[in-house]
């Protein structure tokens, strides 16, 4: 029910600045962006879509940071495995 | 980069699983509640529990909008749908929710005009193109969804569409969490916070949970790595002796939520003094109704709603499941009298319902599953 | 204004499920016990709980399976069907086959003497039989309107099963679709049939010769009039029942007695007049009918008079027209009359050379006229 | 307020008929000349003049014949069909036959990549093909709603004819019914099919063994998503076309390469998940699927995400699932990929012994879960 | 005895035929017009002409109600049928009558709600059971039928049924007969009078035909022996030099008609100043319309009727056929452009129409028919 | 269109004296007899039915007379044939 899907804004409807077209891997739908500030989102921005409305703009910096953190955790794990392997060798 | 696949990487999951395992104190049982049904769905759909050690268990919470609808409200909606000229509209999840005498699907088969919509705006479109019919939108959902209903009503008012109304069943998540925290059988170590509700209400409203009830909460995203990372963050708090509200889902959830959305809700709706939740009983200030200013769009005022309360079947233990007190399989009718084909409780209806998720996706012990899959 | 009620259906479901007791309970963990119980529940024979067909019954998932197993397999049970494979694999035993299809959209679904179910079986059996084949296998396709009463579907499948037994055929494969309310009229049934041509006869318009006799196997128009009156719109009542019946036995009796059968057709939609026109045109001959010899029940005559229609155009569902070597006409009629479904069989005319493609009628009054194909049909949805 | 107009249709009809000139006029009386001219008019190939189907087209008389000859025979022309006999008489040549039926109620009738016509041919061809048979003959049953545009019917029959040619099958018999406006949704088509099992293979759930490979012949869900979006109600757009295609050639390639094929099913309504559940239950085995190996086009993934549905349950109309001896899996996939319809064929899983009747999924994320039969279906009338 | 089969006896027909033949003066051609389409139908259906000598021929008259409807009136009715909420009702014969752009059947296929009824009372019943629809009865027919329409309107008024109306196209037979008598090409020896019209108007109104125009008329029944006997009676008058109105159909037709029926017509309807007949053009005082007192039941006043006149196709010779000037097969388009499947003229529609009867039942010369039948 | 069928009145509806059931060779339909005098027809009478209304009562005496006349004509014919045959003998 609270299903939210990230989509990229590819068009904002002329004359209806609360309507935008989002693209989800090549699939397009008109959604309402009236819950976001009009100057807050533009073409190329990603938004979270829920029941035909954009609920929030996706913060790409934060997204990258989360991924970096996950990578870091992964790295720590790989390092550990490496250490384990090395300790095995010895 | 499309903010989906990057968070479904099995290798990173393994790394994260190792870190999670490393954080667990041997012998200690950890029990975290995912409040949101969307999380329940993700957990089962991706098989996230396979990455969790035996002593970390996830408990499913009350955050499935369909699961908390009492049977009487379904009957009320069906009564409206059977009124002459009515087109009832609803999200697909709502169609199979059983009332005291059948679901929307049954009512449709018996002659009511009930249509599935993807968005409340689609319901408004139906009203626009059927001026001689009365179109009612069966509004359900938490704060994620109520802004959309509010925006739709505002649009209907602006366009002067007179044949559209809302049967408002929107609920608010905090009173439900409070009810769980107040439950005497509570035995939880922390919460995975509802990520999409939080896009609207932000993270601040959860602070009382950490502050007053001593339970950490991590506002979690919906991809499997989001959930694993959130579990990791909860365990980290516990290990480090912290008890805070944290936001794992920073790419989507602003700490302060969405003020425009809150404002839209506030303009159109107001808190009800109390509302019945399936299995949880009446909870004060836990739901929304239409303000007097929008009475013209309020199906509850436009139609003669029977308002019959339907007692839950004696065997039904949805309340306990929603509170995380019972696991789905511990309900006496799980999988026998109550199945997704013939749900007795609402938790068996939506694929976000704990019982349905467990029945459809789980249904075997981890051990037997893993053996079968081999690999 | 809030009153209390209980959900009775839920209490019933709980009571039923309680019957699934736990064996070997001791050996298993509580969760495992539950999971075993569920597997037992899953293995129970599916039973339809809904009283009406919903769209879910057509969606291909659990509800569809419940409908298929709980209704169709239950009614038509046979090993070929039970595999529920994509196609039935058949070994009829010899090569020459007859293959036919018909959709049934009759309204009302139930009428004196029959219903859409036996109509759907008999109709296809008859198309095979009049082609000279022994009817063997049927495929059944259902198009159901959302909201259709399950009890009616059960009644229809029960008649189909009974009709199939009577005709010695098996329903070996099938299909179900459910359409939105308002996109059908309750229930439409399609049956396709496969039969085996065991006899060395070859039938067809090409064999028809001037001098051949035209035989009708029984009184005409009972079915069409019955269904028309059963619709209730005309406010006409009569003691009539549909003639729906499987004709393979009667056909066999005819072929045994008269090897000089040229061709047969069952006289369904459009009635005997239409069949005769089709024969005249396909065989490029004239067909001459003696009105006085055509068997028509008095009530059919009466209803047709009231409505201003001609019984020759009214549908039967258990009568056929046969063209037989004139020399064997008497033997043919004798054989037909010995069979319960052919007691009123009669030679109604003969084949002439000219004018080709035309059916002529010697009226009971002693005049002559043409009997043409009908343009429209006053009778709505009789098959 | 009374204005004058002319009836153009009548003037056209008069002009057309003027083309029937009188030969041998001298020899005959004026009345006879006229009567001869009429006979020539009657013998002209029937042509539908109406732009919409009326109830008369279903009444069995002249209008029905015009529809049948002007549209159906015109589209499907072959000697067996042209006799318009009650049943088609077939001599396929050997004994083991496959027999199947399906009704098609897809909405909309026309969608990117196909229409109800090729769907109706391919669907039945595929049921025969996955049963191991060479598809040979189709029977076509039409249920038309009064008012249905004749041009659309012509378009549908043209696609059916093209699909039949492509699949090497003949439409040898048929049936037409017309129902009142509001009692159907334009056009429903039923096709029944007969095929010949020429190969010595025996297929069936009984042959499935643990260790067998599960193969899917191509990307899944294209058809279901395409049709759903074509309805226009969801306001979603994607560059997708239906995968409707006849699979008999692909199946033949598979059977040539891998005699150890246990069984095949085309993954239509209910999708691959439903087929796998049916296999698991019929064969009393577990089916284990590796999500990462299941071919799904990005646009199908995107649409399914937006709508919260799982591509595993979405219908295909040109894909099948095969269970193949594990040792021949590679040969099977190689053979499939060489065929234009099987380029994305993939081993998506294997058969295990336990838990019986259950489909398990190893998720792309590395977890495991059950894949059960769906209860309802969010996709309305996709076939 | 059921007043049907007794009058279909082939042996008596042979006897009568012999008497008829005996009455005919050798070399003289006799031409009688059967005014009523019902007679035309009976003549062809039973093959009555086989009993008549070569020199007695029957000519088909204007008494087929469907045949005389001009295309414009059909278009008007279809325009009404397409109005929102309308259910148009009509006798089955009316369904295939072509207007300027299609028939009732075509309009139905194109979306209009048009239903066949057996009786105008059935149309009233549809109005009663569909209070939210406007039910219009397409009233056609001669004096046989207009009393039924009148009785139905009176009943609707008595019950206060407000959603029922009549599109009145009732015509009267006498002006049509007069038009034929006034036709310069007239060459008739007498008339077979319309038996069922006469149940209402009686035989007296025909007296002017004998008196003023010197043509005998025998009011005839509808069974084949009735018709043969009526021909016999006409020949007998001619032979005996009489010229009278006689009643062969005494078992059914009272000399003075049915006063109640005439009164019902008179209460509800009045003569129109003129009305267009297909093929015959405008004829004064030849049709009925609703009286002002029943305006509430008059579709012509309730709906905006386009009133377009559609010119008959140039090739159409229905008028000549209706007047008995041409035999059906003498029309240039008979059987080629104009067939029962695709009628151009109205005489090709109803099986009572001269062209349809000749096409469906006749279509071969007597000689060829008799040879084919052999016997 | 002017189709009229003889039917026998087998029932007059209680409380609605303008409604009767007629029987035509075993086929029954309710018809309106309001165009005939209420005392003019009763059970056992035959009426001519047109579009659901009884148009006239069938006069059985007249019917018999017509048949007798037809028989008479037939008889005359038979006599004539007879005469012819006899004249043949001579």
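We call the chains A, B, C, D, E and F, going by the order they appear; numbering starts again at 1 in every chain.
In the analysis below, contacts are C-beta pairs under 8 Å (C-beta built on N, C-alpha and C of every residue); 3 or more make two chains touch, one makes a residue touch a chain.
By chain, UniProt protein names: A, F = Hydrogenase expression/formation protein HypC; B, E = Hydrogenase expression/formation protein HypD; C, D = Hydrogenase maturation protein, carbamoyl dehydratase HypE.
Because the structure is a prediction, the values reported are computed rather than measured.
K.L.:
By label order, what chains touch chain D and chain F together?
P.N.:
The common neighbours are C, E.
K.L.:
Averaging only over C-alpha atoms, locate the centres of chain B and chain D and give their separation in whole Å.
P.N.:
Chain centroid spacing, chain B to chain D, equals 40 Å.
K.L.:
For chain A and chain B, let me know how many angstrom lie between their CA-based centres, rounded off.
P.N.:
22
K.L.:
Could you tell me the distance, in whole angstrom, between the mean C-alpha positions of chain A and chain F?
P.N.:
Each chain reduced to its C-alpha mean, chain A and chain F end up 90 Å apart.
K.L.:
As a quick test, compute the distance in whole Å between the mean CA positions of chain B and chain C.
P.N.:
Here chain B and chain C have centroids separated by 51 Å.
K.L.:
Could you say which residues in chain F touch two or more other chains, in rising order?
P.N.:
3, 24-25
K.L.:
Give the residues of chain C that touch two or more other chains, as numbers and ranges in rising order.
P.N.:
55-56, 62-63, 234-235, 305, 308, 355, 375-376
K.L.:
What positions in chain E touch 2 or more of the other chains?
P.N.:
4, 14, 96, 105, 118, 122, 340-341, 359, 363-364, in rising order.
K.L.:
Go through the chains and record each pair that touches.
P.N.:
Touching chain pairs, listed by label, come out as A-B, A-D, B-C, B-D, C-D, C-E, C-F, D-E, E-F.
K.L.:
So in the complex, the part of chain D that touches chain B is made up of which residues?
P.N.:
So the residues of chain D in touch with chain B come to 233-235, 286, 288, 305, 307-308, 352, 354-355, 358, 360-370, 372, 375-376, 378.
K.L.:
Would you pull the chain B residues touching chain A in the complex into a rising list?
P.N.:
Those residues of chain B that touch chain A are 1-4, 6-7, 11-12, 14-16, 18-19, 36-38, 63-66, 91, 93, 118-122, 140-142, 144-145, 147-148, 151, 194-197, 199-200, 222, 225, 229, 232, 248, 250-254, 258, 260-261, 264, 350, 352.
K.L.:
Which of the residues in chain E come into contact with chain D in the complex?
P.N.:
71-72, 96, 98-102, 105-106, 108-111, 307-316, 327, 329-330, 333-342, 344, 359, 363-365
K.L.:
For a test of understanding, state which residues of chain E touch chain C in their complex under the given definition.
P.N.:
Per the touch definition, chain E meets chain C at residues 4, 8, 10, 13-14, 44-51, 92, 95-96, 105, 116, 118, 122, 224, 340-341, 359-364, 368-375.
K.L.:
In the complex of these two chains, what residues of chain D are touching chain C?
P.N.:
39, 42-43, 55-56, 58-65, 83-105, 126-128, 130-133, 137, 139-143, 172-175, 177, 179-180, 182-185, 188, 190, 192-195, 197, 204-205, 265-266, 268-271, 274, 278, 282, 313, 315, 355, 357, 373-377, 379-381, 383
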